[in-house]
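Given below, in the form of structure tokens, are the structures.
Note that subunit A is present in both complexes that follow, paired respectively with subunit B and with subunit C.
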Partner chain A sequence: MRRLLVFLGFLCTVALPGLRAETPAEVVAKAVALEDKTDEQIALIKSLAPSPELLSLLTLWKEGGIFLVDLPDKSKLPVLLEEAKDADGKQAALLLQSGKPYADADGKPLRLLASDLSAAETDSELRSAMKSILDLAGLAAPDAKSRLRAIEIVGMEQDLAKLPALKERTSSELDAEVKHALLEAIALTELKSAEPETVVAACRALGELGSIRSQDALRLLTKESGPQVKAAVEALQKIERHLVNVNFWGTLFRGLSLGSVLLVAALGLAVTFGLMGVINMAHGEMIAVGAYTTYVVQCVFGPGLELSPFGLHIALPSLKATGWLYDCYFVVAIPLAFITAALAGILLERTVIRFLYRRPLESLLATWGVSLVVQQLFRLTFGANNVQVASPSWLSGNWTIHDVGIGWNRLFVIGFAAVIVVGIFQLLARTPLGLLMRAVMQNRAMAACMGVRTERVNLLTFGLGSGLAGLAGAFLSQIGNVGPSLGQSYIVDAFMTVVVGGVGSIFGTIFSALGIGMLDQTLQQVLGNPVLGKILVLAGIILFLQWRPAGLFVTRSRSLEN
Partner chain B sequence: MKMVNQSAKALLALTGMVFTHTAIAADTVKVGVLHSLSGTMAISETSLRDVLLYTFDEINAKGGVMGKKIEPVVVDGASNWPLFAEKAKELLEKDKCSVVFGCWTSVSRKSVLPVFEKNNGLLFYPVQYEGEEESKNVFYTAEAVNQQATPAVDYMLDKKKEKFYLIGSDYVYPQTTNLVLLEYLLSKGVPLENIGGGFKKDGSGKIISAGKYTPFGHTDYQQIVAEIKQFTAGGKACVINTLNGDTNVPFFKEYAAAGLTAETCPVVSFSISEDEFRALPAKQLVGQLGCWTYFQTVKSDANKAFISGFQKWLKDTKVDGVKKEGRVTCSPMVLSYDGVYLWKQAVEKAGSFDVDKVRTALQSGLSFDGPGGKVTTQKNMHLTKNVFIGETKADGQFKILKEYKDVFGEPWLKGTFKAK
Partner chain C sequence: MSAQSRREIWIAATVALVLLGVMPALNAWVPESSFFFISNFTINVWGKYLAYGILAISVDLLWGYTGLLSLGQALFFSLGGYMLGMHLMLMIGKLGQYKSDLPDFLVFLGHTYLPAFWRPFYSLTFAAVMVFLLPMTISAVFGLLAFRSRIKGVYFSILTQALTYGASLMFFRNDMLMGGNNGFTDFKFMLGSDLRSAATQRVLYIFTGIVLLGVYFGCRWLTRTKFGLVQRAIRDSETRVLFSGYSAVQYKLFVFVISAAIAAVGGALYVAQVGIINPSEMTPDKSLEAVVWVAVGGRGTLVGPIVGAVLVNALKSWATHAIPDLWLILLGSLFLVVVLFLPKGIISIPSVLLDFYKRRIKRPEPAEPTPVTTSSAL
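== the complex of A and B ==
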């Protein structure tokens, strides 16, 4: 919306009387009205000189901010809608070509309903034409990120005509990353030069830069003849070495992030299964509870939600939040996911598990039954289809450091896992509750004799484990599907992680999660096959457990039960 | 049934319209519907059941097939492949259905195939498939590989794409399709090193698998997306995606998070239609491409009538378990719809419900003006139809970018493209 205001500001300055060459707004309005005639649209927008006004117009168009009104003579009138809506949801409209209010024959301003209008569409051809205009203008964009994008794209076009524009930027560019991209783009473009010396120099430069995107162009060069071939081969070798580095660090990061995902999913189980010894097959469903909680919170922040389980009709209110407020939904969802899952866990403990503490096999069967029931409950409440959870914008970008892509959501899960782990250790080691938990887990009968209310501690410990599963669900909703069978896809991995780490040792769970994550990613990288990698990891785990049945970290207990 | 049919015809000849109309009104023809109404495939296949029931009602309202009302026999394959074969047997042997409309996955089709061949039944199969099959007991209204995958590649070559990354779910359709695509790309002069995803070779060095495959329910696409990013870094690249169902969600989430977009490196998907968008976040896929023989956005009167008819039917229907809100139409649904009308035409041309006679009529080149444009039956039991390339919009619909008219359905493609 800010863009709209900026653009309107431009209109005020540009559309002064007296200027009678067609303004960019008029030309764009004409192009928009042409609708499906892509070629003519492209010709029109290419006829304009790049200007900030044109840029904001094109961006607005690309993002669906321009609407079309059907006129009685079957032609279309492009308009913009003002932000403010009245009680009927109608908005004031401005003519795109002049910025004046859209009015009827008597000059009375008309108000329109956005849902009655169609947004001006673009297709990929038109968008790439727009992009090429935006990119060249983007070389001088004020923020480094869009400058970087623009430079990369111009470089890939290898258009010698654009070389001066690139070179002009080198002197004024201060940002190191952008400068790197700029040099790369210049060298890439110079590969097309007719002079062999320039090409050789460009090859050398690309090799120094470790330019991954120039590989294809360099490979083409090696098929030619002349001094370029040797230079290109040398450059390729250098890039290859750079790639080895990139892949090493990339794999390390990906392994760490996969390990963190495993860890987050398994930590709750490390408490309920590891510490308490309850085989809870419904652990996966506790994860799903967390994920669905996130979904519900998102809906409340966004469009609202109507559910009709068992013939009941529940309508949740809508906050109709947008922008940063909407992005905050995830921050609210995290604690709520913990609480909801913890409450579900406490309910499960009270109704089923507390009767089965001494009978692991029965508890396995009973919780498996519970997991089926809960899955069906999800189906009845939210439908059999997956539900859509959109990631907030602060989780959907990435940083690229020396060609290693670091996704924000992946970075987030690593931090998230670290916070949870520290939190659990603090809870177990520093709080009275933690002390009681450890006491009960070590020797229930003795703790009871000392006056500890073991029932209550069991309840709270199980609630904690389930709440942790809920946290996992909240995060997993950001990277995968949220559906009734979400839990099933993580339960096996979670058990595997806990067993390999050593039942009873949270420390072991951390080690095994990170280890399995690393191993999986490394094997994938080496073998180039995701299935084979996973099979090898599983086979490795089976062999490992033959050798060390108690897992990585064996907990020695003084209790006589075992 | 045959006796009744013949006496009805005799009556028609003897006594004229008015009398026969009342005489035959009670007369029906049994038609089987064999889809999964429960289990993993239910999400997609229930829509096909719905559209079939709608089509039957539409035909019955106009007097039925040769004066007989269609009586649907709906059975549930329950996403269980051996059960599909059992249910097919039941439809053919017990209910004596004249024709069966059904199956979605290739494995369900393969499992019912022997049943149909043994009983000389007739199955109409409506979902894109890998080809390399031609049975006299199956009519494939489905897209063959050359009605979906190769036109999509043509489109990408048109757009000056030089590098192709193949990724898919690990089962028969993506594996076979990608092998055909590999041959096709090589025949178009794309060098082997410009085809990404990796190759598997047998002992003699022959490529037996091309592309990257992940199992159903795979969640971690970090490594693959990092590989795609490096592969496509030089530009002029695209991804050919045959991932199935909800594995597309983690893939596209990772794809977007890595900073890859439809503008820098478009993805063409073959298994995501409008109906799938009911369960997929369309936002992450905006601008990515799809290729089918029908899109809901096709502008034609036949399509308008089909959509409004179906929506009205949804509103009025009393059939149990039909979801009424947020429904869309998609290619497999339209191909089911086309199939019913083609069968009706063939029966009327043959003047009989006998499978052999209906087949002969089907093979004689019948045409029907369906929602996706004109379709024509072929001698090889496939369908000539229009192919569309579309771009995903934020509302889960497609903007049509390109149309290939009257593409001949060719199931046998392996080995037909010669490398340059």
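== the complex of A and C ==
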């Protein structure tokens, strides 16, 4: 009797399509229930028109998110499990075909344990069918980014069968970038065409588009014979020219951004070393102070932080911020990084450096000792490994303009360096403090005679320099790793930058930072080897100082010793 | 010969006798169970200290006597080590991991034959010559460039730091064919004798001691000649030396090259005894560490650097074992304290105390006019 009922039910489901159009969920549910009959499954899912619902269902299936409940009659019922788990780890189940809760005979919703169920399986044939459906459907995705990615994937497959789908999209596509990719994908696919004219046209199109991605396919083509060889060679030449352009602008951008990083790192040094003449080997650690401050602020906004230096236990509260509020952490971190590093700098000045103003070599050694101590303190407090600083979402994206990738964080560093430079110039040139600073740096004794409290000006200048290092740290945390030896990796470069620019000239520091950044990136591009580039830059600097021993911008003085 | 210098020689001779005569003898002939036995490990560690002492003298000759704070001494030290290391690598022969005539790392990198610049290093004489030649050439070229354009004071330090940094980056690379990150290690033989045997280690130790003694007396002689006088004059006021008609460039260059050679010898002896050399020995930090030894021991003297090198390294051996987390803090603080409060180092403690005693106890003494001392730096 029961078997009969089931059979009747089965008949109903099979007969139903005639009565009304099935929803994608119903079809997929049916396909899932078929289990091992791959051919029929493929036929079923291919019968559906692409829709967002189908895509999410197929993705879910592919990733093992659809579960099968064994019914008493040996057939299987596909269900989905809701995310929330209760105390026993059970999850509420939904029927795949209708989306309604899976209930027992009394209508009471059932809760199931995921580990008791088997996930709906897929074999490789089925998965590739799904993938091709997903790829093609991706062409129509509402979001331009995912559309772009789908088009690139389809293009690389060079499957002529997918050509109509691609061509169909060209008329409706509005986004310029996506359209560019679409044309590229079409041309790329047409390279496989049997007609030589189409291939030649496709080659020409690829050349016009400057398609870097198609170089391999075109190179393959040059090994064949016929008119397409010439077309392919021409296209390759065009792409090559395009590539040179891309590399040029890319290098320019990267050089500018590296230069800005150097500039930000060296500006603080330009103040303490350049203006005050203090060799602060712990400057790198001031950068690290800024970076760690950013890390702590981020942790307070996010999951909280527990530190245990020297057996102490410090638990920082968590704001549990998410979304835009979390992204704001960086805005809070910037001034805090400045203040923390400035305070650390002032402490250093009071306890060590003020005794050594007349002994520069000794201040080099003493501050190196400080840097060792501080590094070890970082290690003991935050651990010897790098800590993770996540960029806020408004810094982690990038634009691609004509194949040149422009990262927002790099762009931000460039802008920020410009802001700091303007700020410092304003401070030095327009404020009373700046006036006093310049007076003390030019002639300490004379300034003291005029009633300037040189001790205090020293303190503030050193605080400013250290604070700038802290700012640099906040930025470097967005670009590279934050670890105990973060400062060490920048200190040599920073000193070089200041020396090349001309000690005492902030203007020189700007020039040399950008110059060294550009040179470094150019050499990297030309030699294809970052370390060799760096070595050559160092050698270049040593030779440059032969030519201009006092750096780019010489601060003249009547003193013999300088 | 003044009484003080006679006393100094006596002390040096006693210490040398203990280190070079008594210690190896106790190691070789006293039974292991005896209280007086000195273990092979101790001999090896002291050999390392003495090699560091040689490096410290080279730093002091530049910094303490000429006012040039070079952060490149670690580079010359490791270069010397690398040159001898190349010979020792070749002496491993087929005993390496890959049972090949080539050094292991070359086999690992896929080389089938020895690169040309490696071949002469089969001869120990060539390697020994290169221990001197390479660091001296590099220091001569760099020194000439730096001194000619009157780079001095902290600029010299920063530039030598950059030189060392650049060189270490280069040696970290595998395609330099100098062992890359791992450097050279696993040495087996030198002049046919097993490097790991106690007897060889003892001989190397004594040899290191003799070299140190030779360097000490050589530098003692040099700093007491007229040359040494000019050298110290450059330290105290280079401008005045220039105005007096001396060419400071030549003097500085000579000292720089000599120091590089001394450091390189120290490095070669270090490598033979410690049995490993890699680019991390070449970083500017290592140079600064050697500066710490000199500062702690007492710069501007020749005993100070040796005392400092032995003391700080003994402290390091103990601290990295007993309080590994705090070692760097200890080192940094030690440095700070010495620079701030004890500019003349540990060996000045007796005279400081004596001064204190004289001033406190024997107050009624005519105040003698203190000579005007100019600051040593810049």
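In this text, the second predicted complex is superposed on the first by the 423 of 562 C-alpha atoms of A that agree within 3 Å, B and C clash if a C-alpha of one lies under 4 Å from a C-alpha of the other, contacts with A are read in each partner's own complex, and residues count from 1 in each chain.
Assume contacts are C-beta pairs under 8 Å (C-beta built on N, C-alpha and C of every residue); 3 or more make two chains touch, one makes a residue touch a chain.
Nothing here was measured: the structure is a model prediction, and the numbers come from that model.
Given the touch rule stated above, what does A:397 touch, subunit B (first), subunit C (second), both, or neither?
First partner only.
So in the superposed three-chain picture, is A:124 touching just subunit B, just subunit C, both, or none of them (first/second/both/neither)?
After superposing on A, A:124 lies in contact with subunit B but is clear of subunit C.
Is A:415 touching the first partner subunit B, the second partner subunit C, both, or neither of them?
neither
So in the superposed three-chain picture, is A:481 touching just subunit B, just subunit C, both, or none of them (first/second/both/neither)?
So A:481 only meets subunit B here.
Based on the superposed arrangement, let me know which partner A:214 touches: subunit B (first), subunit C (second), both, or neither?
After superposition on chain A, A:214 lies in contact with subunit B alone.
May I ask you to decide whether A:531 touches subunit B, subunit C, both, or neither, giving the answer as first, second, both or neither?
both
Mind telling me which of the two, subunit B or subunit C, contacts the most residues of subunit A?
Of subunit B and subunit C, B contacts more residues of subunit A.
Determine where on subunit A the residues touched by subunit B overlap those touched by subunit C, and list them.
531
Which of the residues in subunit B come into contact with subunit A in the complex?
The touching residues are 42-43, 162-163, 170, 193, 198, 212-215, 217-220, 222-224, 226-227, 229-230, 233-236, 246, 249-250, 253-254, 256-259, 262-264, 266, 278-281, 283, 287, 289, 391, 393-394, 399, 401.
Under the touch definition given earlier, write down the residues of subunit C that touch subunit A in their complex.
63, 67, 69, 142, 145-146, 148-151, 153-155, 157-159, 161-163, 165-166, 169-170, 172-173, 239, 284, 288, 291-292, 295, 325-329, 331-336, 339-340, 343, 375-378
Can you tell me which positions in subunit A touch subunit B when the two form their complex?
On the subunit A side, the touching residues are 64, 121, 123-125, 127-128, 131, 153, 156, 212-217, 219, 243, 246, 250-251, 254, 257-258, 261, 384-386, 388-391, 396-398, 400, 405, 407-410, 478-481, 483, 489, 520-521, 524-525, 528-531.
Tell me, which parts of subunit A touch subunit C in their complex?
279, 352, 355-356, 358-362, 364-366, 368-373, 375-377, 379-380, 492, 495-496, 499, 531-532, 534-535, 538-539, 541-543, 545-546, 549, 560-561
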